[in-house]
């Protein structure tokens, strides 16, 4: 299932609130809100439950990480062909909590693209966003690491990073989508992100730890539609 | 489901022959042979399908890798508590294809043990086996990397490594189990390993790529029982 | 001492032939040939002898690596300010034998540039060259890893990679210099590289292990001047 | 120049206060105090100035890090044979700011020992100290990372870690020396460490940033002699 933009990406990381049945519930909630609003919502569950999530929800499931290897003798690896086989839509790459070598990002993009999967490369700042864009992923997600989990949205605290990333990425590769993340937790954050040119948002703790994730996601989706 | 020794550990790595339904089939075959022979057989499926495997087989499932983190904001990680929650029995650590820092092996063992899971630390040679044993995992698996996938068994090519690992590990920590791996592919390899003091074997390509995995595993299990 | 282009970069790696006095002799030979021909030649000595090399030769000395840290509590690190203080001209970054994370390349470039030092980012292929260029180093050195140390020059075996890197890098950032390396060992290799648009070459074993390094370098320099 | 114990190890890390001539001055001060008191004092200068330090002081110089490679095509590496050739006495390994894989610590110890150099493996806690001891380095330096640079000495804040490391290491390998570090900054800290069985101390910022390093080191040396 291909990802299209604008989109909301929900990263479950390794949060206990998103493990096991609680995670499945959060994914099903996302599926419901996506269906209700028509907004593209993707979930990035823990890698140890990925196959189970794909079997249980019809919205796009992204891997939180992908290694640059082909299928073979690679213990503990996540490989593109395997993601494809189990029905995953694509992968985040180079999240600030799982940073990768330049050559591995490049190789992983090549392998994922080769089997028709999406690639969303995270970048800390404008220079890294430009570098990531040059590798021609499906999308670049700009996320200043110091704002991750802070509750202070990148679109409010650092609007110049969002606008700058859009400009920089499109200058390098016009077809690469740009989304933003870090601290995104309200409809207003999404509206500001969109106003700055962002084609969606990547969020995590705000959704995963929300007392009312359905209500929150509904508001975020509506904000994206405006 | 706790692992006891002697045991046969089947590492599926990232082989395409062990992905998706083919992997499930290989795991069910292992379950059948284990039940038939009474030998403890554990499988280490691709991490992206782990939860699905646990749901589908009743033999112990081990992770191919575990990170040293607690549940939380760790994108792309495998954490002990999550493995526990989905029913995994334990984890391989420091496989030569997924080497870890000393401090991360130590921290991962502490976390896994803390939630009651097994730990099998791989080691290339006697020095590393001693170092691994000192960290008090459930077991040390000695595997000379140059023999992995070679078809030439460590128990034949380097019997002194198997015997030496048994002696070294038990001298450091008498309660730590010792198994061996690399090139193990026949009943004779298993018999030699057991004769050298090994409490089981770790194998991968020989099983995963076998034309008749059921027959092969049956022979290995019988050899372990002798 | 700033590096200008075209230039010949001599990477001493960790070769025993370039350690201690043998390394100093190779550097003094390079100094002599540079002076004689007017060609810019830089040496990249082992990092453990860097300060000594700077004291002993007047040609630019580049570090083989630089970490992204500021001066401080970083054991075993190479930091930009320290390189500056001891008189080093700049640093290679992301050599295929010392690959770096995208974010670390970006941060190291920022720090090195901040203290006025040069940055030469190595890249395996066109995609990585584009990614590296987007980070705005002084130069990108394209080096297909499979040709390194092979004696078969990139400019002969993969002319399309050299020409492609020049085109790609200049399209992303026109001010970034492009050099090439891997297998470069003769005047003819240099001539071909220059004809393909390369602004110099990066070589290692061909010089370090040459029976007559002075004669070889003289020929390479003359080829660069043509 | 072999290191004997008890000893005081001074780690200059990448502090700007220990770069260039300021670092040489700190090393010469250490040499003077060592000569005056008869205490063994070793310095670990920045790796980019190592050869220069060896040429300028007669006390043991240790590398802050060593890679597991043989001399050869390894860009940006620190190799044992090269350290030997330039007159370095040995190397710290696995400092908490430069953590290494278990297999790399093991391989680096083997290489350094093979050329007659000393090895001091750092360990965060008792489990890691046991693991490090099993690899048979010259010494294990136990350093709880949370106390590094804190000014609160491990021997005061965590005496059980120092005493426990001595007991644990000697139980695994009686010939391996044990020193401690993290927060060591006064004669009292050294006295406590010695009373707990430590055969010396490893310190850094307290010396490097001292307003009177000579006076401080004199007091530490006297405390070690008591």
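Going in written order, the chains are labelled A, B, C and D, and every chain counts its residues from 1.
Just so we're on the same page, a contact is a pair of C-beta atoms (placed from the backbone, for glycine too) under 8 Å apart; a residue touches a chain by one contact, two chains touch by 3 or more.
No experiment lies behind these values; they were computed from the predicted model shown.
Traced through touching neighbours, the fewest hops from subunit B to subunit C number 2. Graph distance from subunit A to subunit D, where chains that touch are one step apart, equals 2. Comparing the chain pairs C-D and B-D, the larger number of C-beta pairs in contact belongs to C-D.
Taking each chain's centre as the mean of its C-alpha atoms, the one that lies farthest from the centre of subunit C is B. The distance from the centre of subunit C to the centre of subunit D, with each centre set as the mean of the Cα atoms, comes to 33 Å. A separation of 37 Å divides the Cα centre of subunit B from that of subunit D.
Touching two or more other chains at once are residues 96 of subunit D. A ring topology is adopted by the chain contact network, closed into one cycle in which each chain touches exactly two others. Taken together, the chains touch in the following pairs: A-B, A-C, B-D, C-D.
Residue ranges of subunit A in contact with subunit B, taken from their complex: 11, 13-16, 19-20, 44, 46-52, 55, 63-65, 69, 71-79, 81-83, 85-86, 88, 92, 95-98, 148-149, 204-205. If you check the complex, the residues on subunit A that touch subunit C are 94, 96, 99-106, 109-110, 123-125, 127-128, 130-136, 172.
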